[in-house]
Structure formats: C-alpha cells, structure tokens
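Note that the chains take the letters A, B and C in the order they are written out, and that residue 1 is the start of every chain.
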Amino acid sequence: MTYSQRRTLGQTATYILLVLGAVLTVFPFLWMIATAFKPSTDIYSLALIPKAPTLANFAKLFDHAPFATWFMNSVVVAGLTTVSVAFFDSLVGYILAKVEFKGRNIIFFAILSSIMIPTEMLIIPWYVGATKVGITDTYLGIMFPGLMTAFGVFLMRQFMEAIPNDLLDAGRIDGLGEFGIWWRVAMPNVRPALAALGILTFLGSWNAFLWPVIAIDSPAMWTLPVGLSYFSYENFNQYELVMAGATMAVIPVLVIFAIFQKQIIKGITLTGIK
Amino acid sequence: MAKRVAAGIMAVAVMSGVLAGCGSKTTTPSGGSTNAGGKVTIEYWQYSYTSKTDLMKQLITEFQDKNPDITVKTADFPYEQYNEKVAAAVSAGKGPDVINLYYGWLPKYVDSGFLQPLPEDAFPPATIEKEFFPLVKAAKMDGKYYVLPTAVRTLALLYNKDLFKAAGIAEPPKTWDELVATSKALTKRDASGKLEQVGFYFNAGGQGHNWFREVLVRQTGGQPLSADNKQVLWNSPQGLQAFQWWVDLQKVHKVGEIGFMTDDVTAFKAGKAAMDVDGSFRLGNLLDAKFDFASAPLPLGPNGQPYTMASFWANGLTKKATGAQKDASVKFMKFLTQPDVMERWTKAIGELPARPEVAAKFKDDPKLKGFIDGLAYANATFFTDETKDRDAITNAVDSVLVGGKDYKTALDEGQKSAQALFDDYWTKRK
Amino acid sequence: MATVPQPVRGAPRPTRPGLTLAQKRTLWAWGALAVPLLFFLVVRILPTLVALNMSFRQWDMLSPDKPWVGMANYQKLFKDPVFVRSLTNTFLYVVVGVPVQLILGLGVALLIQRVNRFAGLFRTLYFIPYITSAVAVAWVWRWMLQEHGGIFNELLHLVGIAPQKFLGSPTQALYSIVAAIVWQGLGFQMVIFLAGLEAIPTMFYEAAQLDGASPWQVFRHITLPLLNPTIVFSAIIGTIRYLQVFTEVLSMSNQGQGGPLNSTKTLVLFIYQEAFKSSKYGYAAAATVVLFLIILVLTVVQNKLITRKYEY
C-alpha cells in the first residue's frame, strides 16, 4: 500500500468512527427536540418524528410565561459573566503562570480550593451577604458568585505556562508595559483556551439554576432555567414543556458554539508560535 | 419575644458580618410596614404553579378592594425549592407575615419558633373543628392551631374508563382482592414478556408510601403510629400483612412495576396504566388526557373500613406579624378560608374544599367523587421528616424486590430508620 | 518552589523610582491580583468558613438559635450508614467516570484533529450534549434505560440478551448514571483537549514526520508529553467534578432519592437532602467539610503525581 492509500484508508476509518460516535451522541438530543413537538399524551413514544407534531407546547410556554423576558435576562447574565470571567481569569492565570513572586503557589491553591465546596452549601451565606448589600433580585445579585471562577484561573494558568518566555521578553523590549505584555502578547497566544473558557462559562451561566432560583424574587428577573422550573410540580414534571423549554434554550448556545468553535482552531494560526 | 427577635437579628448580623468581612451593621427585616395614613402592607409567601398563582392574584385583588387600607405583597417560590428559599430568606432577616406551607413541615416550623398560634378569638378551635373536615386536626400542635388550609387533598384510585370498557370491566375494584383480579385482567405483555400496559401502577415513591402507611396498615387493623406520635408501628404483624400484600402486586402478581415509563403520572396519562393511587392535586395535570377517567374510593381491606390519606398546604402566621400587621394578616387568612373562596379554588385548581358544606357541592363530579368521598374519614400523617420517612418505606420495598431480603427483615429495617427520625425529633423537643 | 530571581534579594533596597524590573513586576502582579483576590476571599473563602463554623453547630435553618455542639456532627456522620454509602459511591463515580471521560474525550479530539473536512460540524455535534439542559438529558436517559421498551434493552433483545433493570438495579444504576454523565461531559472534554492539541507547535510534528515516526510513536513521544498540562488539568477538574455529582442523580434516580437502596447517592446529594429536605444544616455542613478535605487531598496528590510523571 502506498502512503497516500494508507492515508485515505486512515481518513475513511476516522470518518466512520466519528460518524458512529456522533449518531450515538446526538440521538438523545434529537429525541428531546422531537418530544418538544409531541402532545403530552404522546411523549412516551420513541419516534423521532412526532406522529402528530404540534406547536402547542411552545405556545403554552409563551402563554404562561414571559419567555422573551427570561430569555433576555439569561442573555444579559450569561453574557456579562462570560466577559468578566474571560478578563479576570486570564489575567490571574497569566500572573500565576508568568510572574514569579513569593506566595504565588499559596494564592493559586487558595483560589483552586474555592471550587472544592459545593454550591449547595454556599447559597445561604451568599444570600445573607447579597441581602446585606442590597443586590438580591438584580443582575449583579444573580451574577456575582460566577464573575470569576477558579476553573478558569486554573485553565488559563495551564495554557499561559506554555507560552515561551522569549516571546514575553520580546514584548518587553518593544517597550510594552506589564499590562500590555499580557494583553497584546500573552492573550493572542491562548485564543483556543480563551474560546473554550468563554463557551464553557457562557454555558455554565446559561444553565445555572440553584443560585438564581434563590437570588431572584420577582418573576421579571427570572432566567430561563428558573422560569422553566415552575413547570414541574409535586413529583411530576410536565416533560413536554420542559423539553420545549430546553429546546428553546439550547438554540442560542448552539449558535454561539458554532461560531466560537472556529476560534479554537483559528487561534493558533494568528499567533506568534508556529 | 423581643429578646428572641433581637437574638435573631444579632445572629444574622454576626453571620453577615463574618461574610462581608466587616463590622456589624444592624439588619432591619424588610417587608411589612405601617405608615401614618393607617395603610398596612403585609407580606405573603407561597409556592406556586401557574393555575394557583393566577387564582391567588385575583383573590388578592379582591381582598385589597374590600380592605383598601391593606396591601398584600406576595413572593412566589417554586415547589421543589420552597424550603431552600424560605431558609435563605429567613437567614437573611427577611420574612413574611403569612406563609403557605405543607402541613408535614409544621413540627419544624413550630419548634423553631417561626410560627405563632392562630389567635383564638379570630379562629376559635371549637369553630374550626365544627366547620372543617376532621383532618385539619393535623394543624394542631400542643393543643393550638397554627395553620388553616384553603384546600386539601386526599388519595383515591384513578382509573382509565376507556381501558376498563375495552376489557369489559364495568366497575372499579372495591376490595383488595378485586384490585388484584382487575389489575391482572388489565395488564398486557408482549410475547417476549415485555410489559406494555400495567393494570395497576405499583410505586413505593410517589403516593405509594402514603397509601401503605396511612391506608393499607389501618385496613389490616394496624396503626401506623402510636397515639402519642412517638412510636412507629407499621411493622406490626398487621403491618407486615399489609406490606406483603402490597409488595406482592409487583413481586407475585406482576401487575405493575416500579419505574415503568419513569413514573405513574406519565404512564397513567399515556393510557398505559389502567389504575393508579394518586392525590387530587393530580387532576390539573390530567385535564388534557385523551381518554375518559374517574376517581373511586380506595379499595377496602380485610377489616372492611374505608381509609385514605389527607394532606394539605395551609397558611399560617409568622412571629413577625404583630400589631396592625397581625390584624391585617388575620383578616387575610379569614378571607382565604371563606367557603366561596374554597369553592372557586376547587373549580380552578382541582384541590378539594376543606369545609364539608362546600365539598358537598362537588359530590357528583366523577373526577372528584373518589377524593371527596375520602374527606370524611381521611387521616393526615404526622411527619417528623417527610422525605426520610418516605425513604424508609421505599427502601423497604426495594430491599424485597431487588435487595434479596425477606418481607419481615426489610420492613423491620425500614421501621428502624423511621423510628430513629421520631426519636431524634422527640429528644430535641425534650 | 517560588524561585524569586536572585538579584532582588542581593540588591540594596532601592528607592521607589529605582525599583528593579522584578520588583516592578511583583508590584504590578499584586496590584492586578487585588480585586480578584478580594473577590475569591469574600465570595468563596469566607462562606466556606461559615460552613466550617456551622459544622460545629446544630441548626434547623429557621430557628435563630444555633447551639455549639462541638464534634457531634462529625461523630454522627461516620456512624451514619447512608453517609458512608454516599462516600463509597462518590469514589466509584470518580474512579469510573474520570478515566472513561478522559480517554473518550482524548479519542474524539484526536479523531477530529485528523480529519480535513467537516471538523467544525463534528465538533458541534459532539458538543451538543454538553449544552443541553441536565434535566432534559436526565429524562431522555431514563427513557432509554427503561426495562420495558427502553432503547438499550431493545438493542440487547436483538442480540438475545434478557432485559436489564439498569436504573432499577442496585448494582447497575450507578454505572448507568455514570454513562449519562460521561455522555454529557464528552463535549467539554473534547473542547479542552482540542485547545490543548492546538497549543502544541506544529514544528514538532513536522520534525517527527521527517524522521519517519509512526503515528503511535508520534502520539507516545510528542502528543502525550506535550499534552501533559492539559491532562493534569483535566484529571484534576474531572475529579472535582465527579466528586460533586449531584443534578444527574437527583433527576435520574426515582424521586431523586439516590436509590435504589442508596446505591447511587452521592455526597453532594446527601448534603443537599440533609440541609434542605431534613433541615439539618449543621450536619450537612460537616459532610461538606469532609468532602472539601477529600478534594483538597486528592488535588494536591494528583498535582504532584501526574505532573512529575512526564517530565522530560
């Protein structure tokens, strides 16, 4: 077999594997969407194409609920959170990776240790604090616990560490300040990681439930997951509505991912490392 | 009283002081306030779902029209997170004047000093006992009433009339034996033994544990709890008989199975379960069912006596309500327990009226009939920890079905873990 | 570990305008860290201390009294069979879930990296489960795992295997839930590994190709070592994630109990039930502290172990 034949064979095998995996991966998702279009009495059927497709579930959502408002609230909260996380986490990650000073490791571990306690245990102290400073029922109140994340600091630190020091020194010689070196030299080098962090943060915030449900008092401030929780009641979920809501909620994230995933690839070609 | 409030504020202040990492500023409880014009604002907390919230909105508007000097501010919490929200808000020094809570949580709310007894001049116990169904006695602790319901729920047998007709069965089962026979006739499997339709939805979670504890045990002549609510007795010989009959629905007769189509409501609504023991609160979910169904009283057991379980969400006064707020809150609570409000509640939401005079009006509704019937003899279980009490029973059932234990061992183990909950509760109360 | 550049130590204390480069950088670092540090302190570390404090108290969440009970909560914890079961279950989730998720995630990332066309489409498809709401996912999985008519059992039936109980079986339920969590976490893992793979300079691969290295050699001697930081990161984050499994069990087990027979109950579910269903906040706080200590120890150990292994 020639090299190119082997290559073609390898490519074909790769595609076959990927397609098989993708089918397994996507099936439950398709089923969720199908269920969103089924009447409540049909949700048990395994059919991927609803026998009698209906928009009633979506209509019910819009009927009973200011769905557009929830949507906007979620966009604002997840958007601002993502910007904040991308900025602060990469700054802290950079410093912890590239600036040497006493106490650096202690700081890193202190920050990392903050993801070791489950949210369930923190919501009461958070709520007490948020009430005290008067931010419950505001966007800030919903967002504040997630404005910086230890996960992001850790992720960015790992990737910042891989940047060659020569590159940073070159920036220094060009007369950039410390902030400039981080922003203009280091940041472009970690675009793939930054894109990943952005997507994951947006998602985390988009789907966050436990804290928002505690922090929000008025229906006008509900985010999507909080609003949708009002459709389950006493040992019983109105699954067709949950599915319709989940389907609606997934679309914007899917669009964002489809756009951003290119960044993960593109990032590298724009950077100094080749 | 003032001391307790002060201590509460102190605790909150100290805690939030720690939290914010700074000195203590006194937190003032938000919510109700009175201004010079004699206008009073009271705060009401409720758990909510759409049909309930809609009706409450109307009711509050009407109440405010009748009482122009009172404003009712509401906060809605989702059902599943009700406890979390209340706990968080109370920790932060917030609190309502009137709160909507599940009767099973009453011991906790009373013991922590969160509620105050209903004033006896406004709600004389004798009048309550005369005008309400006897099941409201569950709202009485240490001889005082703490809450009153607008609507109550009972358990009954829901049955799919279309499936009954198709199988040529005219009547819902009236006894244990009939239930087994009818269930068998209505259970369908394919050639490979795959269950396609259950005659009866066997389920230990959902309402199953309530049916066992409060109904089946009594039907064999046993008692779920001792009269002083201190001993768990459902593993008595009678209890064991009831337990075995119950678990055998799946184990021996195979007419139902835990987890079939994920849960009983889904299976019943899909027309794949011919019968289900469920609460009246389910009727709202079944409005768009594609088949005809009705409710019947729970089948009678060996002792031939009717029993069912009652439960309710009720409104109570918190310690925060004093002076003008308390007067306004009492008015609001009286309004919510009026007969005509109950009637509207039943029509809009499907929950049952707490007063016999109102309930009588719904006696002929085929969907409500089985549930209304039970109101006269329903018992509300005394819970010290509702979730764990349920788990004790579901674990006993699982122990027999998938854990390889015999009926007696499984039931005794369940009783032991339930008894521990009661011991813990009564020790703390002294 | 912190290697402060030598000149700083030796140099005489300069006056402000004459700060050395290293001193300036340190100063800048602390300045830039001030806000984030304050944030982590107030939002994360102090509330953790509140939980620590609560773990020595008895509190029902409604009452103003929170009497000090010393170690009583901790003593009770280790006598509680449900807690012990939750603890061992949690370890199972980690031991099974983390390696499977890492291996599958790396596999998918490598495959996607190899293809020339449709890479973007595949990335999106594999990422889809991760963006779907956990409640919706849990419900779909419960259906697929049904004993009667579930798709898995239908498939088993085709090859002549008797139907399995899956979520209804005390021995299979935990693994069924792990499967669902891995399925959902795969997209996340893939993204992290893709970012890691993209960060490997292409010159290494070009050099290897010139040397005529086999794909396995390339993977073993270039990809794996250079991916080490990403693997360390994924292992640590994955461990923390699996130690905190909660939503999936809450929505996949019957009534969110963590059953059957507590066989799927995790520490966080235990904490949640004790705190919010049974209102034993102090007791739940004690369990939280135990969980915290476990995660802390594991993280430190992992960090040391895996990092050392691949030094080259």
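To be clear about the criterion, a residue touches a chain if its C-beta (ideal position, glycine included) is under 8 Å from a C-beta of that chain, and two chains touch if they have at least 3 such contacts.
If you're wondering where the values come from, they're calculated on a predicted model, not measured in any experiment.
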{"item": "Among all chain pairs, the one with the most C-beta contacts", "value": "A-C"}
{"item": "Reference subunit C; chain at largest CA-centroid distance", "value": "B"}
{"item": "Between subunit A and subunit C, centroid-to-centroid distance (C-alpha), Å", "value": "15"}
{"item": "Whole-Å gap between the CA centroids of subunit B and subunit C", "value": "37"}
{"item": "Centre-of-Cα separation between subunit B and subunit A, whole angstrom", "value": "38"}
{"item": "Contacts with 2+ other chains: residues of subunit A", "value": "44, 124-125, 129, 235, 239"}
{"item": "Where subunit C touches two or more other chains, by residue", "value": "42, 46-47, 50, 61, 139, 143, 149, 255, 276, 281"}
{"item": "Residues of subunit B engaged with two or more neighbouring chains", "value": "15, 19-20, 84, 87, 91, 205-206, 261, 263"}
{"item": "Complex contacts: residues of subunit B adjacent to subunit A", "value": "12, 15-16, 19-20, 25, 27, 48-50, 75-76, 78-81, 84-85, 87-89, 91-94, 205-206, 261, 263, 265-267, 269-272, 281-282, 285, 288-290"}
{"item": "Contact set on subunit C toward subunit A in their complex", "value": "1-5, 22, 24-26, 28-30, 32-33, 35-37, 39-40, 42-48, 50-51, 61, 108, 111-112, 114-116, 119-120, 122-137, 139-141, 143-144, 149, 151, 183, 186-188, 191-192, 194-195, 198-199, 201-203, 229-230, 232-233, 236-237, 240, 244, 246, 255, 268, 271-272, 275-276, 281, 284-285, 288, 291-292, 295-296, 299-300"}
{"item": "Touching residues on subunit B, where the partner in the complex is subunit C", "value": "4, 7-8, 11, 15, 18-21, 83-84, 86-87, 90-91, 108-109, 111-114, 192, 194-196, 205-206, 257-263, 385-388, 390-391, 394-395, 398-399, 402-403"}
{"item": "Subunit C-facing residues of subunit A, complex", "value": "10-11, 14-15, 17-18, 21-22, 25-26, 28-29, 31-32, 35, 44, 46, 88, 91-92, 95, 99-105, 107, 109-118, 120-122, 124-126, 129, 144-145, 147-148, 150-151, 153-155, 158-159, 161-162, 178-179, 190, 192-193, 195-196, 199-200, 203, 207, 225, 228, 235, 237, 239, 242-243, 245-246, 249-250, 253-254, 257-258, 261-262, 264-265, 267-268, 273-274"}
{"item": "Contact footprint of subunit B on subunit A as seen in their complex", "value": "39-44, 64, 123-125, 127-133, 136, 210, 213-214, 217, 219, 226, 229-236, 238-239"}
